[in-house]
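For reference, the structure discussed in these notes is given below.
Residue numbering begins at 1 within each chain, and the chains themselves are lettered A, B, C and D in the order written.
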């Protein structure tokens, strides 16, 4: 598996973290190419089903990032998201669906390109350390 | 063992957008294996299960007529998962067709009778099949007078407009095309709801059968008109829609009393329907 | 608790006769030992069929959403908490309801009693005092009800109804119990052990969704398992699909679950599905100090926020 | 046909002999409940059961079954062509099936194999399966098989039947199929007194099952009269539409067909048990739902079992009285009670 590179589905809020990714790009900051970005209007749009869907379809990790609490473009979207994430992460780990370290959350503003690149590296590193995801991938149904 | 669930592979020969809202497209299929066409021998009024690999299957009335050889046609409304997917498919794509399923309009009984065909909206597909079938030179003499009342909300929603115009020009079929309303100053046909136009044209019930297909609300208001014109329930024929999966009377979901709509229907007389639970 | 029977009948007759309500929702005696059937009395005569004992485990709040008539309903602690959630979530209006509060000493777990009988079949069961006497072909046995309660009842902290228009009895004393013992045991496991534990737990699942259907907090117009565009979860008993189902089902009731145990009671194959929901209950309590339905106008935790909410996920 | 005898001590060896030639399904204790499972070792079979939690229909008609497979890869010359999946229809035996469940298979046959269409998977598995039943000496209190035209010693659906006589099993071979399968094991003729013992057990068992309702009375009623009767309001109230009854039932055959795709390049067409209790069951793509209300779905289940099937086939109800739904219903809706109400036409305390 030396050539294995993780796939990390990354949900970024349009107003902050996506801007940070953009800025990181135009600033030519290096960050791993393992992340596959999906733009969301707001982390408040983030549905736990999206994360499960990504993992079911074979993502090795998921990273969700949005505006810092208090800076939401829609005033309070990420405040709601925050509660969902807290419960979701605990429950994912509690039920053993995924190992700790496969699902990441962060708040990154559109100015924080260095932080974005840095976090991207950390996320990919953590997921690499865990190896390929195995247990929660939907395979061909085991049926008669 | 012959597997009734296995679709015949077909190639999409053409896709025609029928209506202005682009929600209805007519798919013309050609069987990949010519011998399958022989096995898929159908009668006007039957339906088939259209199968898209990876999406699922849907029951759709056969719009082509058994007298049209070499292809089969279906007009599909975009509503759910399979139909939406189909609307994005193109000529040349491969999919599947299974059937034919269900019963058909009782052509043996209808011989020598006058026919009043009433259709609304996109429920005109098996009626188109029936009309083409009857107008075929070999068959036309078997039936008496044919009256067709066909309505849509506005002219842009009528199906098969070229054919409607051609039928309009013939003298062996009386077309009564109508729309609920139109802003087209050149509209040369009727304006009004199907029940009203049926009442106005008042086709004779003498030696006649009525076949009616359309949205429930149209059927609800047209049935009293037909009764008024003197059609008894056993001479009013309709076709039901149900959610279906197997299409061959096994999977159970289209069950109505003792009948399976997919196998024992979808064509029922009003008399038969009055004895069945009204869960359709 | 059987003393409630007379009071329920009396109240039902009165409310129906005075036309204060159109129906009274309660239980009637079941055809099976240790079972009662949810029942709605529409006439004072039918009110005489209403009963109450330790076999009223199904959460009656389940029969309320989207109803329009005036309803009297018998509510245990958990039922009343679900009713208040339903009121908050506009499933039913408070004005429509006349709540007959039933302080509760827990519901009998039929399966636990059955387990003690070495496969022998119970023909009859009688409840008296704190005891259940069961009998069958050539046997008779008496159990202390308190030792054979549904697991959720054994660790219930809110036995008294939180809202009511009329109480059927004096409030009972609340229990002082450690209610998260099994959750803590699971928390202490390694990720691998956790996965194995839950895989074994849901292995018998036949995906009938009885747990969802029995849940008084499940009333989404379209359940996620029924969505087809996109389809979030497959419909076979494939392990990943079953895991997804149980995970999302529990997550959907996070902070709205009163731990009434209806899901577990309804499961035809005996899966302890509460192990999913109880953890979320614990987290919600620890993180946000919220317990489902305990305070009338407090919305469920995923519906609200505080600017200084903890961020344990960062 | 002839009556044989197997001493209990010899029984495991007999199962092993059968296993050497056939896939053998037998009741196996799994936690609190019994299930029919393919035996890996003879000792796992446990005939000390009342009945299994889920009916054995899954042996012939699995809860999920791959019907077809296909490729979705663009460069595959056979892309999008749906093809049959190879399947194993080798001979198998269900050992210890109760007479009611075996009778249930016969009722299912009418649905799966009609005059016009044969369900290939059901038909082939059915053909490959030999049913060695086990008579019920001590029926459960929820049993009402005798009401619905079968019984604890009913042999109609079976190829052979075992009767537990205490120290051993008396074995009646009933069909050619049963004879062929059991031909591979050494059997001793039953001692003379066994026949009397069987009669005694049979009489005792039948006597212990009360008549629950009158199917003929339901058959005689007008469909629409009971369909529109007011008692459904009361019958349906407690129902959670959980579908447990339909999943456990030996004669609930309804299924769904679903496509599942793996990695976008290949996929399966699956069929899965479905239930008339679910609102999605009849939900049209257009949004219309002919059975959108709970009361309609509950009515459909009972009407189909107790009325429509009787009217359609004239061979009695689509219920074999196994009592599983009565035992497992979380809200204690009792089909026996419903049968009484349908037959009498009212919900007065019947």
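Quick notes on this structure:
In this text, contacts are C-beta pairs under 8 Å (C-beta built on N, C-alpha and C of every residue); 3 or more make two chains touch, one makes a residue touch a chain.
Everything numeric here is computed off the predicted structure, so don't read it as measured data.
Of the two chain pairs examined here, A-C and B-C, the one linked by more C-beta pairs in contact is A-C. As a whole-number value, the distance joining the C-alpha centres of chain A and chain C reads 35 Å. Spacing of chain B relative to chain C, judged by their CA centroids, is 50 angstrom.
Separating the centre of chain A from that of chain B, both taken as means of CA atoms, is a distance of 50 Å.
One simple way to say how far apart two chains are is to compare their mean CA positions; for chain B and chain D this gives 39 Å.
Chain B has residues 80-81 in contact with two or more other chains.
Of all residues in chain A, those touching 2 or more other chains are 138-139, 141, 143, listed in ascending order. Taken residue by residue, chain C touches two or more other chains at 234, 236-238, whereas all remaining positions touch fewer.
Screening every pair of chains for touch gives A-C, A-D, B-C, B-D, C-D.
Looking at the complex, you find that chain C touches chain D at residues 30-32, 35-40, 58, 62-63, 111, 114-115, 119, 121, 123, 137, 204, 206, 208-210, 213-214, 226, 234-238, 262, 265-266, 268-270.
Interface residues of chain D facing chain C in the complex, by the touch rule stated above, are 30-33, 48, 50, 53-54, 63-64, 138, 140-142, 234, 237-238, 240-244, 247-248, 256, 258, 260, 270, 272, 275, 278, 280, 326-328, 330-334, 336-337.
Interface of chain C with chain A (complex): residues 186-187, 189, 191-199, 224, 230, 232, 234, 236-241, 243-244, 246-248, 250-251, 254-255, 276, 279-280, 283-284, 287-288, 301-302, 305-307, 309-314.
Across the complex, chain A meets chain C through its residues 48-49, 52-53, 56, 69-70, 76, 79-80, 82-97, 99-100, 105-107, 135-139, 141-143. In the complex of the two chains, the chain D residues touching chain B come out as 67-68, 70, 72, 79-82, 84, 111-112, 114, 116-120, 123-124, 223-224, 227, 253-259, 261, 267, 269, 271, 274, 276, 281-286, 290-291, 296, 300, 303-304, 308, 311-312.
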